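Next come two complexes, and both contain subunit A; in the first it sits with subunit B, in the second with subunit C.
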Partner chain A sequence: MKMSERRSITGALAAATCTLLGTSSPEPVQAQEEPGWDFNTALLYYGEDNDRVQDLSLNVLARRTFTDDRFLTLGLTFDTLTGATPNGALPQSVPQTFTQPSGRRTYTTAPGDFPIDDTFRDSRVALTAAWQQPLGRLSTINLGLSASGEFDYTHLGLNAKISRDFNNRNTTLSAGLAFAMDDLDPVGGTPIGLTPMRNADNDDDDDEGGNRGPTESKDILDFVFGVTQVISRNLLMQVNYSYSDSSGYLSDPYKILSAVDAVTGDVVPITQMPGIDGPSHLNYYELRPDSRRKHSLYTQAKYYMDGKVLDASYRYMTDDWEIDSHTLELRFRWPLSDSRYLEPHLRFYTQSAAEFYRPSLIDGDPLPEYASADYRLGDFDAITAGMKYGWKTGGGNDVSVRLELYKQSGNVSSSQLIGNQLNRDSYPDLNAIIFQFAYRFGM
Partner chain B sequence: MATDRPERKISVESGDGFWRGQFLAMASPCEVLCETDAAEEARRLTELAAAEAWRIEDKFSRYQQGNIVDRINEAAGAAVEVDTETSQLIDFSVTLYELSAGRFDITSGVLRRAWRFDGSGNFPSAALIEKVMRDVGWDQVTWEAPVLQMRPGMQIDFGGIGKEYAVDRAAMLVRQASRASCLLNFGGDLVAIRPPRNQETWKVGVETVDASSSNAEKLLNLAVGALATSGDARRYLVNNGIRYSHILDPKTGWPVSDAPRSITVAADTCTQAGMLSTLAMLEGARAEAFLDAQQVRYWCNRGVTGPAAEAAKIA
Partner chain C sequence: MRHGMLTAGLILLGTISGCSSMGVEPWERDILAKEEMQLTTDPIEATTDDHIYFSKEASSGGRGFGGGGCGCN
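Let's look at the complex of A and B:
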């Protein structure tokens, strides 16, 4: 027979102790943790190949413990992004010239290359604050705030989560709600979707005439419901359902689509008037629907065996843009000694394309209601493979280094390709490297 | 320990606003922190605590010849009549045996014949464990207070309760003898008799179990009451790279798997705290779930990984 944790022996033990010592304790125990700060810091480098996006990010999470299991968590993230990102246009056998998002200059892409906007450069500061405290004996409430700012984007968010333990704390149910208000103020104004790319005006004043709209915004509402269950001594499982509703301006102001000839598939050239600096080919700003509803189901299992931990998770996401995605993730924590461990990590991701994703627009056809050639909305597969090594310092602090490789490759349906497009790359594949150094210490 | 017993002496030195009395008992450094203006009182209270610790050590240590435990263990099958205090300790142990469904068992000390937790790779054979296990099991003991009778080869051992019992007993005597605020610490088993006068609580460091590090990982505030810690900082066995805790399951004769590296429990008395931390250790991976059900404050150290720590992380 196994001793069951379902039974409290506190009363029987107190009675037996009272008999043994011949007296009961004069006063009940009063013991609490000394309040203190715990810092998690990390420096992360993310670099895409072919001079695309490079991100260096510094992350500091400070957690203050108060008496009675109350916690304040403050987070600060500082990112610097540089490099270039595909603008959505197709590669051609001739050079292509595009107007920069600022509207002041143009840039030119070599034949055969994916057009990339190399004016992409940004810094981001993000702050988070969260308060956690018990609500009664079995429940916990978390309240949080988040804010971030970058050159052309600001975010403000509020979130709340309540969780409750059941079944002798073998089961935890949680429900969360988050609301975010984001504002976009793109460089050179917000383009109006599905209008042709404008000419560069070559002056430095900020007039936003023509096809440029005002500042835009979007609101995001998220719900999450979760169950965490201890299945056995060795197995822990979690299932989450989440719903996310975004509304407002959901397009990417810097993404465009090539307008192509219905037979050759080549991008339609534009003859510019002398003295006018502007695009060499016909391109349209993208336009996405102004709402998006996502449902996702996440399940995770953690299996413990003699100090080793296998962590497997799967996420299914579906949305009303007709993107379906599957994510399978595996981590294995492998202790090398009492203070060192290795953790291999594998992640597989696949998604179907958004219903309005298309590599190009056909010149002469009526414009569709929505269109985007953003590679992130296409049909693609991605794999991440990495390794983390962690150790405890002599002073009891935790250090880890992590190296991961990311490979993303897309598939554009041949039914969406025309003429010469069938002989050229239609999806900008991506390879990236991720390196992280993390250090955790207390004060 | 029986052969070269440390010299029994106490020392009292002045600390920062209190007196610190020190002595050795039960193979552990013991201290009495006393908030009193008079050095004499601090010495008197330390002597009182030390005398009680030594009395209990002499009476119940399995390392000392001629005491009641030795007489029981050397009885070779004969019935032994015990005194009232021993009878109460046995009754208490029987209650714990029942509450733990046999996992707390004062006859399990003979497993020491098979297991040596010296950090080495010496691993006993299954046959040896099976042989030793024949001498384990309170259900084989005839106990009708005050008479105890066991088969030859069986032994009892109060090692799992002795230090906690001693510090609780000493705390009772000190509490009765003085109005001073005192903290008794017998090798990590603590009782705070009253809150210190000049600050709200006693500050107690819970040691990390990483034997190479002397850093206190957590600082606890103890106003009154007791703390006890079970852990395997120095006592373990490594075989094929797997670290076995020194907590043996008397039901199987094998070390408990997936036990936390250490557990500290807060309770009204050190005896309660010590029993809860020991029983939680015996629960292995479910130590935290067990302690949650007891509604006590506890601090589990699982070192690198552990289900409860992870549960908290992903929740």
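Let's look at the complex of A and C:
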């Protein structure tokens, strides 16, 4: 036997002995994911009834796994939005004419219809990047960046989250912080809140004079604290508290309120001078406070029952605009075979109105400090019902399709309605369809 | 704000001590390790749903960060 062979046999024996004694492995043995890319892709269609908003969205989330539990996640979203959205004004028994947000032309709404601004068209690109890595044996850190751009809006955000395992990795505590800086450059300039809607100038030049302000911005600071707890072999729970502070321009530059007669409740008509193209009725641009503080408590449970998984979550949110909301979500994953499953989904949502929400302003009364007739700040309930079907391809990739229906029904307090408003619709209910095709593959 | 953080801190402390008797041994994690038992099983669906509801309702966040990123609200 040669010397080198003897040495290698001795080495092998020593290694084997150490392995048996458990001394050769300084690092704890953990399952490691294979380095490589994992792609989550999806095409989403969101469509509202009555020619309101339609969105076609392409999403890609790519995750690169490195050795030692380090991950890079890159996200890309591209949205194309078309359609119309309620402008906040009340329906009338006569046609109503409004100035487009650009200030160039006017549009007219038929009697009885909710006034909708049909010049709404936008595309949005959003990018995210996140890095995750262990910090010592029990902690993990996540650092992220987000940016998005629309025709009239840009967003830039940073976030960080740290989590640590306790109790034999049965309890995980996490704390996160996010900061976003968003800029708005509305079409036709930013309107000054609670001033009357301007006339159209009928030329194609950008006109940001008159009651138009410069571009605006807002900052958003978010904190999230969470606990994830393994309760038993088949039950996992999470509780998160989050705080969000927004400050800056929080109004919607495209939303208005009707100014109505104090007795009839009808919107006050305007007699335009000959040759002037402008609104047929008196409307004011909305104005919201320049700060908002939200608190949310979110809890989620995952329960495994003989192959089926129940995913239940509940969120309570309250803010200093006096909006309270409750959200309950249920998903049930039902395997049909080793490679196929069905997942029904139900979501119930209810919110109270913001303190400054009102269906109209009363002509002749002093203007309030803040006012908005945006239906999203009103008192409404919403329900989502949907179904997802997923399967694994022969190559081991995941495919899923889901179809969901979303319905919002609003309620304006009768104490906020005047005269003829009681006989007309005062809240633009919403019905939407959500369809998503998703494909996940690795490389 | 300060009151909220204090409450959150107390809940977290209580959870660490109160939860120490719950949980499983490392060799009992077979079910918890399954993909369908992760808190977020479909990250794209979670993101798109958050975006839809952020645009149409006055609430956002909860599961994660809720702020900004869109001119729709």
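Basically, the second predicted complex is superposed on the first by the 409 of 443 C-alpha atoms of A that agree within 3 Å, B and C clash if a C-alpha of one lies under 4 Å from a C-alpha of the other, contacts with A are read in each partner's own complex, and residues count from 1 in each chain.
One rule holds for everything that comes next: a residue touches a chain if its C-beta (ideal position, glycine included) is under 8 Å from a C-beta of that chain, and two chains touch if they have at least 3 such contacts.
These numbers come from a predicted model, not from an experiment.
S.K.: After the superposition on A, what does A:236 contact: first (subunit B), second (subunit C), both or neither?
M.R.: A:236 contacts both subunit B and subunit C.
S.K.: Just checking: does A:124 make contact with subunit B only, subunit C only, both, or neither of them? Give me first, second, both or neither.
M.R.: second
S.K.: On the A-aligned overlay, A:298 touches which partner chain: subunit B = first, subunit C = second, or both, or neither?
M.R.: second
S.K.: Which partner does A:34 reach: the first (subunit B), the second (subunit C), both, or neither?
M.R.: Only subunit B; A:34 stays clear of subunit C.
S.K.: Thinking of the overlay built on chain A, is A:46 touched by subunit B (first), by subunit C (second), by both, or by neither?
M.R.: Only subunit C is touched by A:46; subunit B is not.
S.K.: Once the shared chain is lined up, is A:339 touching subunit B (first), subunit C (second), both, or neither of them?
M.R.: A:339 contacts subunit B only, not subunit C.
S.K.: Between subunit B (first) and subunit C (second), which does A:394 come into contact with in this model arrangement: first, second, both, or neither?
M.R.: A:394 sits against subunit B, while subunit C stays out of touch.
S.K.: Which partner chains sit in contact with A:170 here, subunit B, subunit C, both or neither? Use first/second/both/neither.
M.R.: both
S.K.: Identify the partner contact of A:150: answer first if only subunit B is touched, second if only subunit C is, both if each is, neither if none is.
M.R.: A:150 contacts subunit C only, not subunit B.
S.K.: With both structures placed on chain A, which of the two partners, subunit B or subunit C, ends up touching more residues of subunit A?
M.R.: C
S.K.: Give me the intersection of subunit A's contacts with subunit B and its contacts with subunit C, in residue numbers.
M.R.: On subunit A, the residues that contact subunit B in one structure and subunit C in the other are 168-170, 228, 230, 233-234, 236, 238, 300, 302, 304, 309, 333, 341.
S.K.: Can you list the subunit B residues touching subunit A in their complex?
M.R.: So the residues of subunit B in touch with subunit A come to 88-89, 91-92, 95-96, 99-103, 165, 168-169, 172, 175, 195, 201, 203, 208, 210, 212-213, 215, 217-227, 242-243, 257-258, 266-269, 271-273, 275-276, 279, 282-286, 288-290, 292-297, 299, 303-307, 310-311, 314-315.
S.K.: Help me check something: in the complex, which residues belonging to subunit C touch subunit A?
M.R.: 1, 4-5, 7-9, 11-12, 15-16, 19-20, 22-26, 28-32, 34, 36-39, 41-45, 47-48, 51-53, 56-71, 73
S.K.: Considering the complex alone, what residue numbers of subunit A touch subunit C?
M.R.: Counting only subunit A, the residues touching subunit C are 40-42, 44, 46, 57, 59, 61, 75, 77, 122, 124, 126, 146, 148, 150, 152-153, 155, 157, 159, 166-171, 173, 176, 178, 180, 182, 184, 218, 220-225, 227-234, 236, 238-246, 252, 293-298, 300, 302, 304, 309, 311, 313, 315, 317, 319, 321, 323, 325, 327, 333, 341, 349, 351, 354, 376-377, 382, 388, 400, 402, 406, 408, 430, 432, 434, 436, 438.
S.K.: Which stretch or stretches of subunit A touch subunit B in the complex?
M.R.: Its residues touching subunit B are 1-10, 12-14, 16-17, 19-21, 23-34, 36, 67, 137, 163, 165, 168-170, 172, 174, 228, 230, 233-234, 236, 238, 300, 302, 304, 306-309, 333, 335, 338-339, 341, 390, 392, 394-396.
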